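Two complexes are shown next, each including chain A; its partner changes from chain B in the first to chain C in the second.
For the complex of A and B:
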């Protein structure tokens, strides 16, 4: 069973081996305010974004055809910051073509250098500007009622985008830098006269991975959507890498990276984050099998209770629909499929150790009769343990 | 034997075409074309294969070239039409997933019975029926455990008049795949197809395997027990009365499916119908005869989807009001094979030989996997330990029953894999063709949508064209067809709904 859940694509030996295949890197930045507030004395979003941009540029510079995408996720929903279909990349292209070095001194973020390589500049400018807008949006209409970050939504979007990039846009394989831009624009425009590009399902040798940067310490995510996303990623053979800032480990993110052969790192001191990004997270999934990664293999495979939403490690499971409960519901009915539970089995499960204590006394009495020793062995077990023994007999 | 032949004669076509397919369609005279009734269960799927024109038997089919199917439509819209139909077909394929949740027996125990008789050496499937079956079965096993994570499977080979156990009932796909691989490799000696098949022997063996149920023989859990027979011969040679075996199968509530590789056999029909509570002569979807390779695969993959709980069982449930059992399960955490113990702020890494209760060889040389990549041997200790949350004993394989405290241990990911059966995503609705739309790009993948179509274009082309937008009913976001398919078939949650 591990083969399915854990090493699903460890078996996959990447025979092609050529590292020239383009690779798509999707970064999901979780911007939940409370998480970032908690670590405000360690790192700011600004510092982090700088580091991430360096990381993106590094990724782009590895291969001409490499792609990046950047998604910001917060309480108000997730948004693609790059690529952004509303943004016209041609405009910047033209302006930079005409006047290479200086000229347009618009409202550009300070850390984007004018003389930068165009491909870097496009990404960096887009991300920085859109991020500013996005943060403005968040701070202007903050909704206190919504508490859980929409990480599952961001993941779903990332997977959709990756899916399109992996299977549908075969034009990506053209390699010159200018060609990429024109083709990405072209596919957007081309899709007007539709489907010839989209229905072709030739699989390019594009590789992809997702990097999630999360500072949120809350563990009550939407369990099922996250799990669905993990399985989808598993099927698409893409790794989910996790940068976990903040104070606690997140067991669901751990599961995500573990199930997809990704890297999970809980970075306690994030000031040197650029170091982490450019070392551990820089390694392509195809060569990860050769490298001992600093990932944490102590994964807590806890599930989430359907009733209380808390994570459980010892729970009850309805045998019809497999929904997980941490407590036996008072209605004696499954909350998901409405089937009633067998009262006899319920009685067995709710059996209290008191029933056993009678038996124990009997045993003790026997023990005393026979001599000694037996009694002590029995009293060692806790209530549950003995209960189960009695059930099985 | 005799019985099956009579049955066969009595089902002669009622004055229909000579196509062999119509033999089965005798109850339905109006369906006279080559589309066999056998595919009726897959009516929706045949829509897809209609495009390929591969509906009859493979050997009856004319050779089709993909470019011949393209009919030109004079107005130069042929390509669009075809694309359109492809899109439609894809949509229909999605629609086959029912979006109303209904109770399914998710914990299944399935015994696959493979025919290993001489008939399997026929070469109508390439290279032979037997090796084709084995290779398809490998795919099936992977898919089966993907969709039914906590189910179990066993494989039996019918060969030389007896039943041979290929692999025990187990929940580990790797084990079954290994056994199948052995079967394939050792074809020259022990497992080469030989002799006659015996349905009765293998059914009895399957029955005895199915009695043993998740480690406890008490038959109180509500898991469905199924047998899938891949039957290449057209006869069975049994030591006793097979009807008695069928009776006991019915009594044990074991459901049998048969995939026939050559022709319909009456005893299989009876076996299937009786164990599935159907009338004697009904052509049920549980008994499929393959027409060609892809149909074989289709039939096999149909068995992956968990069965809905049968009416009889539901009635029983209602009558006895016994209810469903609740299982206590533990979700173990994964632990590192090496432990780090810290002493006075300095860390020592101690490589404990952690013994696992369920796998005593764990930690020894045998468990070390050697990956030979490019001539370099990389020795990885690939064993993973899981710790029982109750008694803290260690096991290496999941799912299993904790050997120390008897708790059922399972990865939460195994359970979660089947949740999309429980909470299916409702299908997206196509946005009607309009001259203006509110959305410019797909919400999921940012693909730019075509702009609106002016109303001046004539009616004909309007039928052909689509808005290419598929809207989620809940969150009102628009998606492209590719995302629609992806979301419904792989992802199982709507990106739009997750973002609200």
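For the complex of A and C:
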């Protein structure tokens, strides 16, 4: 008897699991110039953006209340291209109707067709236009000193936006523009604020994911902010998908997708990238649990040193806060939690390598080969001497 | 099943029932392609999207490799749906499947924006002399729709809807009575169920009746459907040209105006405005929460005084209070509540076993009742529910119970939603469900019994396959027997699998 009722209930759950709630897709486009310069013979930004716009349309076509956001990130900082609170979407539409020939010849003539479905057109026009402006900005004032890797910044912007969209009431979020207006209004007037909180009890929940498109080959992304964003994403149960162009794998982005049940693909030949986008990167959160993700399981879990910022394969770990170091700090204190290290163990660690190797030889006289290996490895000197032994306080 | 799914089911059923040439003619309109795509289950959407930009046929075997075994059932369903709509076709040469060529071309054009510029309606470029505000359209739509609903409930002193509406109501068996005169019509059980549903479902129910009617009138169903789907993709508050419509579509305008889907100033006006009812035609339940709420406001108590969405308070002792004096809402509540007292601005009642059973006998489901109470709950109830939920989550986080799914591999659904927003008292919800279960204690399945296996291994492989497909209803390992339900996919699959083994 139990089996019978069980199967009946299971069926019900299946149907619930497969229903499609609206979902939010945030695309982060990394526009760091050097990365794109490196792959200029394979794909241009122009080509990629065309594909991405079609991808955004495809996402919008899934469900009437699906939403997208688009963030561009480069060395000059990250910026929301869509939705943009400064932009009045209704207005641009009217103006483009009146002077339809002008605006078309002005900006991207090929990108956006007038007769396009309205939801698509609004997004595509905004992204194409703002992206033009943004790239113009980058090229006009390149600040070589400001070498901030802003991917982490863009990621946290995306997370903030997602969080807000998730908590906002469904009835307010019918259009993104109105959502932004309503929240800005709410912050202005307290009375409005209270009204939004009262209505923020929506039964249907929005699902979300983030797609990062990066061409940058440099691995000097800020490790800690990225990791923090990854953990925040985990908490919010949103997955981070990565499209990695360029020549090398990026271990941090790999980790980001791996930790959040996302998809990481290193696309070496980006021609026909739209096919990649519409298959591998089109797995909605609602069906993600049913699909075998086309992701790479060989993830390089490298961490980076808290002091030097370089990635380490072997290093020291603070036993209190698990902070990772490639060198022993001069202050003899953990740089993150400021706990003092035990001087005796520090002394042990900073001993000259010869002493250890001798001891080891005494300990296991048979393991000559092993000892030899240690000896040659350790003669590099103090600074580069690495061990995974932990430093205790 | 939520009402959103219900309306999908009805529309899909209708579309699947269309003959194939009609279906392929439908796919010639990009707006229709988009709308049909939106009506598909998520898995089917994924398959379509992966094939839209792929000119080659996809091998069926590859398709199976994409999904986990646990999703076999979903996959069968998706493919079945796609086949019924003839969206995918078998490719003989490669033994794979391919998208319908017309659909692929038009859907691709729609995504890339290279379709015919008039596919989504032609905007009137010249501004209207007397501008029509969105709020005006909303009141127009709700007033029209309200008239129909009020008429069904039999509210006195309401206008009678037009003849075409009356014939639809009768044809859909929502109302019955001798003759065609409006006074003789009485609401049926189906009509009461109709009242409990979402506005969107209601509209589609009427529109499908309308579609059946058009076939009798020798109107082209393709034209009609295309127009309906196009309406769904139009923009609220904008006016569109009548001149680009076909003759059939122009004749439809008058009917649609009666339902409140479209606003036209006069019969021979050259422009029309879609209302909110029309622009949300093809969206699902989540998306239409706004318009339905807006409608409830208008349909419910005095439009001016109540800006809140709901008015129903349910207590844990099965008492129900509703701050309303709308005859419509009271009539609906009366379907499943034993109403006791009525004041000038509220009614009190008790939910009893008898009252619920009466509703259930009338064909109303427990889920419908619960859904209705949830959507019409008083804002105060929603706030309290939210507070309770926040407290629970806070408690968990402070006691380090991991409900947020911090572990990346927590894919199980149960871990994701440990706490739900409970607007209604949980004991009420459970009890209503239990009352429904009382009525159907025995479930019958048609199917096949598999027995007399030669060895344990044979039994194991076949029964595990059947459970993977999701059609295994009962199995007994010791007796080596199992029972498979008679859904055509399941049985066929298991039979094919069994034959293959032999």
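Here, the second predicted complex is superposed on the first by the 268 of 393 C-alpha atoms of A that agree within 3 Å, B and C clash if a C-alpha of one lies under 4 Å from a C-alpha of the other, contacts with A are read in each partner's own complex, and residues count from 1 in each chain.
The criterion applied here is as follows: contacts are C-beta pairs under 8 Å (C-beta built on N, C-alpha and C of every residue); 3 or more make two chains touch, one makes a residue touch a chain.
Bear in mind that the values here come from a model prediction, so they are computed numbers and not experimental data.
In the superposition on chain A, the chain among chain B and chain C reaching more residues of chain A is B.
In the superposed model, A:257 lies in contact with neither chain B nor chain C.
In the superposition on chain A, no contact is made by A:26 with either chain B or chain C.
When the shared chain is aligned, no partner comes close enough to touch A:216: not chain B, not chain C. By the document's definition of touching, of the two partners only chain C reaches A:287; chain B does not.
Of the two partner chains, chain B and chain C are each touched by A:235. Shared-chain residue A:157: touches chain B; no touch with chain C. In the overlay built on the shared chain, the residue A:317 is in contact with chain B alone; chain C does not reach it.
Across the two superposed structures, the residue set of chain A contacted by chain B and also by chain C is 3-4, 7, 10, 13, 198-199, 231, 235, 258-259, 289-290.
Listing the residues of chain A that touch chain B in their complex gives 1-7, 10, 13, 77-78, 80, 83-86, 150, 152-154, 156-157, 159-161, 163-164, 168, 187-189, 191-196, 198-199, 222-225, 227-232, 235-236, 255, 258-259, 289-290, 297-304, 312-324, 328, 332, 334, 336-337, 339-346, 349, 384-385, 388-389, 392. Against chain A, in their complex, chain C makes its touches with residues 1-2, 4-5, 31, 34, 37-38, 41-43, 45-46, 49-50, 52-54, 65-68, 70-71, 73-75, 110-120, 123, 125, 233, 235, 280, 282-287, 289-290, 293, 374, 379, 382-383, 385-386, 404-406, 408-409, 411, 413, 416, 421, 423, 443, 470, 472-475.
Of all residues in chain A, only 3-4, 7-8, 10-11, 13-15, 17-22, 54, 57-58, 61-65, 97, 112-118, 120-121, 124, 170-171, 174, 198-204, 231, 234-235, 237, 258-261, 274-275, 278-279, 282-284, 286-287, 289-292 touch chain C in the complex they form. Of all residues in chain B, only 79-80, 83, 86-87, 101, 103-107, 142, 145-146, 149-150, 171-174, 216, 220-223, 309, 317, 321-336, 371, 373, 378, 382, 384, 386, 389-391, 396-399, 405-407, 410-420, 422-423, 440-451, 468, 479-483, 486-487, 490-500 touch chain A in the complex they form.
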